[in-house]
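After this come two complexes, each holding subunit A, first together with subunit B and then together with subunit C.
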Partner chain A sequence: MIPDGQTLSYDAAPAFSTPLRFFLTAPLFGAAAGAALLAAPELLDSRWTPGALAVTHLIAVGFMLTVMLGALFQVLPVVAGAVIPRSGPVATVVHVAMTTGALCLAWGLGSGSPAFLVPATVLLGGGLTLFVVAAFLGLRRIPVAQATPRDMRIALLGFAVAVALGITLALALGGRLDLPLLTVLKLHIGWALLGGSGVLLAAASWVVVPMFQITPNYPATLTRFWAMGTGAVLLVWSATVYGELGSAEFALSAALAALCALFAVSTLRLQRQSRRSVPDMTTRAFQLGMGSFIAGLACVLTAQQSEHQVWPLLAGILILHGGFVSVIVGMLYKIVPFLAWLHLTQDVGKAPNMKKLQPDSPIRRHLALHAVALAALLVAALVGNAWLIRLAGLLVVGEFAFLFANILKVLGNYRRAHAA
Partner chain B sequence: MKKTVDARGLEPPQPFERVMDALADLPKGESLLLLLDRMPHPLFRILDRDGYKYESRIRDDGVVEIDILNP
Partner chain C sequence: MSQITSLMTDDHRHCDQTFARAETAAAKGKWDEASAALEQFASELEGHFDTEESFLFPKFEAATGMTEGPTKVMRGEHAEMRSALTRMRDALANKDKDDYAGEAETLLILMQQHNMKEENILYPMCDSQLAGSDVAAGLSERLHARA
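Showing the complex of A and B:
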């Protein structure tokens, strides 16, 4: 006998426009990062130039975090059955706060104007706090036994720590706090890229890779312990950074790199077991991403043993552009057409084939341009030639404009199908 | 004998399309068994909206089983 009442609350399920506004805004920040390289190639002289800090945050906050937050508004209901309460108004406030906050942050860092860092910290801190609270409310009834929702909670905590450290840094830069800047900066980077972004990427991958790339599931031991283990090692690493325990810090950095490499290698191995005869575009994007992560981690460890300025630059390019941007773009090309298809099915009862909503050929061209832009950035950072850096910047502008156009095309196809 | 729809190992939205096709042919008072790799939260919304009764469980081997009744 099937009972009557096994229903979930979908009253607050978000509209398609909720994640889409994040997905359409994010590429503009990526293009702005490229434009900055085009206009001021000297910003790649070191990772400490104001321009390099601005470009880093245009990508990390303006592109990566914006897409991640937008995706979570719809990934949580689809993957975990968790609905963020009042998702429409919450998404509007979070979107405005994060985008204006990212602009203030990039401008404040790039122009060397600490005055802009105050509104940036208020907007980013407030927007992310609102999102974290709303997401925890949405997740409160979801059992912690499920790997993805459990690890998403860990990632949200990681982001909260990263933002708190970012606010501390902004206050220190503005002269309001007297702190060792390099120490707080290291902690901020560790928690933002690994505690927040890395754990969230893994939590999403536990579901997205087997589901969309038709692979076996990740090993249960990995999904059960990876995020918690990484969080625990990150905590101990933070203590060694704070205590300036050089050799212990390097050993724990190596342990964190090994954990990241384990995730990357496991993903690549799963993809080799895919039931697809020919890898699709998302699989290719993930392969580029995982390869870049592994190379970037090697550069991070090398940078700790070498004084040369190029290693941190290469690490940043490989991890942010080669790793996170590749994987996020790969996920976007599955998530956006799938959500368009799902909303059409729910709203009008039928939807065109997903390949009609998002054809393969523009994705292939975009990913090719992305790979060329990555190669150009790496060569430009190694050679240091201004015109090469300008060319790399132009390619970055082009790739993010291409991404924007491709997402816009899905929206156009969705609207036509909705009106038909 | 209850009809079974095995939609494991398929890329979204094919599992969704298969079960919607099967539900279109499901006579009133009969039920079907759906086998999936994971819990289909968006499908539950459609089943609620269209008045189907359903019960889901996860087998020891991780396969998700859903009994769907057309009342």
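Showing the complex of A and C:
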């Protein structure tokens, strides 16, 4: 089947406001996570405090998932030739559902009021289901020829499983289902961070790293088998978690960690072979992200063998803030100015270049602040001092406010050029 | 990866490397070296566009009857990239490092989002529509003739 070639054209691309609304609200959730640390430092006592669960979801759903969905509205037509039907209205509904759902979820978890978890599950479950159905409708006639569009489909399924498990957890927390909470929670984390986010990151990296950082390609066997292999191991791991087969579960966790480390190390090796000698901010963000993933995976495995509360906290900070937030921010700094440039060129015929729309120096300062915030979070979690945790929270608020301001500056430059 | 996709993707990567050489030289203020590398890049880019516009796209259009489809969109994007290249040449002529870096970054993103569409969508369509023809052999001959 031949997809309609016009799906590749500018006219078929979503309006600027479609992805932008996701990119503008996401940093506010990141800042809210920092504000929670600032206001209630005791939430870092363990991963199980209500506040820690709230902060985790402000970052994972409010920031990460929101940006990923906004980017997918833009990227699916480019990398897969798929146009999401009625992308404007669908994006509006998905955006409202995900943001209000993330707020309800964080409030429900943080304040220990299960009443908020019901609207959270309806909104997040409904919003993500609508997106996945719309994306698959767009993809249904598209042949799967390359690794990236294929692995993006796997990631969408991973997210669907993660949200279904999240809804199950919320119902169990609200006393509506009688289930072993720890088992479902482990499955939820595995599918959300690896089956959904991790596979999506890999699918994007297969093209982003070689093309934008001008490196050799990832090894063909890696791009061909990594996502499917990881998905298959994740399924078997899920069975061992469900069946409470302790040693088999640890062996498969180690296998999953090895697969993730293989991806991170391959990415770092490729980046060392980049032909671009000019310092590129996205490359720096990826390097910080991949290093954090490797350190975070070591903490995940240590946490399984140790009773100490600090290992899961360090793992969460390294994987979410050091890993995913870093690479997502790195990609946002390419996507937002390029979209501003593209829409200006199409609307008014000319546009200032990328670095005039988004200069490097504020990005550099923001990434430095992000790295300092990461270090402060790690030290604060290790030491457990309330004032250090408040300081880390303040730095997190600052870094997300900086990101928000940088995106707004691009929009200001866009508006001025549009009006000129 | 099938033949047409593989040949054309390799040519994209080859152009990228020359692009990076020009970018590096310009960032170091080595203007003569940057100018030579940029002209080599321009010639490779134009050669690639020409191979598509005068050989591959007409074959695809004849096989599918689609003249208003993906090939039309790709020709339009080639025109955008030619304009971006002109702006890079202007920045180089003015020995303006910042302007060159900005224009080069713009062309790189424009070029790579274009390449993604070709490598993930159009070339695989060409491979399936032109299977069994001598198009891949013709492409290989053209691309190697100018290497």
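Worth a mention:
What we mean here is this: the second predicted complex is superposed on the first by the 407 of 420 C-alpha atoms of A that agree within 3 Å, B and C clash if a C-alpha of one lies under 4 Å from a C-alpha of the other, contacts with A are read in each partner's own complex, and residues count from 1 in each chain.
As a convention for this text, contacts are C-beta pairs under 8 Å (C-beta built on N, C-alpha and C of every residue); 3 or more make two chains touch, one makes a residue touch a chain.
No experiment lies behind these values; they were computed from the predicted model shown.
In the superposition on chain A, A:S277 contacts subunit C only, with no contact to subunit B. Contacts of A:G81 after superposition: both subunit B and subunit C are touched.
Within the superposed three-chain arrangement, the count of touched residues of subunit A is higher for C, of the candidates subunit B and subunit C. In the superposition on chain A, A:T221 makes contact with neither subunit B nor subunit C.
By the touch criterion defined above, A:S247 reaches neither subunit B nor subunit C.
By the touch criterion stated above, A:S361 is placed in contact with neither subunit B nor subunit C. In the superposition on chain A, no contact is made by A:Q305 with either subunit B or subunit C. When the two complexes are overlaid on their common chain A, residue A:P210 makes contact with subunit B and with subunit C alike. Residues 2-4, 6, 8, 78-81, 207, 210-212, 214, 217, 275, 338, 341, 345, 354 of subunit A lie in contact with subunit B in one complex and with subunit C in the other. Note for the complex: subunit A touches subunit C at residues 2-6, 8-9, 78-81, 142-143, 145-146, 148-149, 207, 210-212, 214, 217, 220, 274-278, 334, 338, 341, 345, 352-356. Every residue of subunit C that touches subunit A in the complex is listed here, in rising order: 1, 5, 13, 16-17, 19-21, 23-24, 27, 64, 66, 68-74, 76, 80, 87, 98-99, 101-103, 105-106, 108-110, 112-113, 115-117, 119-122, 124-125, 127-129. Subunit B contributes residues 9-13, 16, 20, 31, 37-39, 41-42, 44-46, 48-49, 53-56, 62, 67-69 to its touches with subunit A in the complex. Those residues of subunit A that touch subunit B in the complex are listed here as 2-4, 6-8, 10, 13, 77-81, 207, 210-212, 214, 217, 275, 338, 341-342, 345-346, 351, 354.
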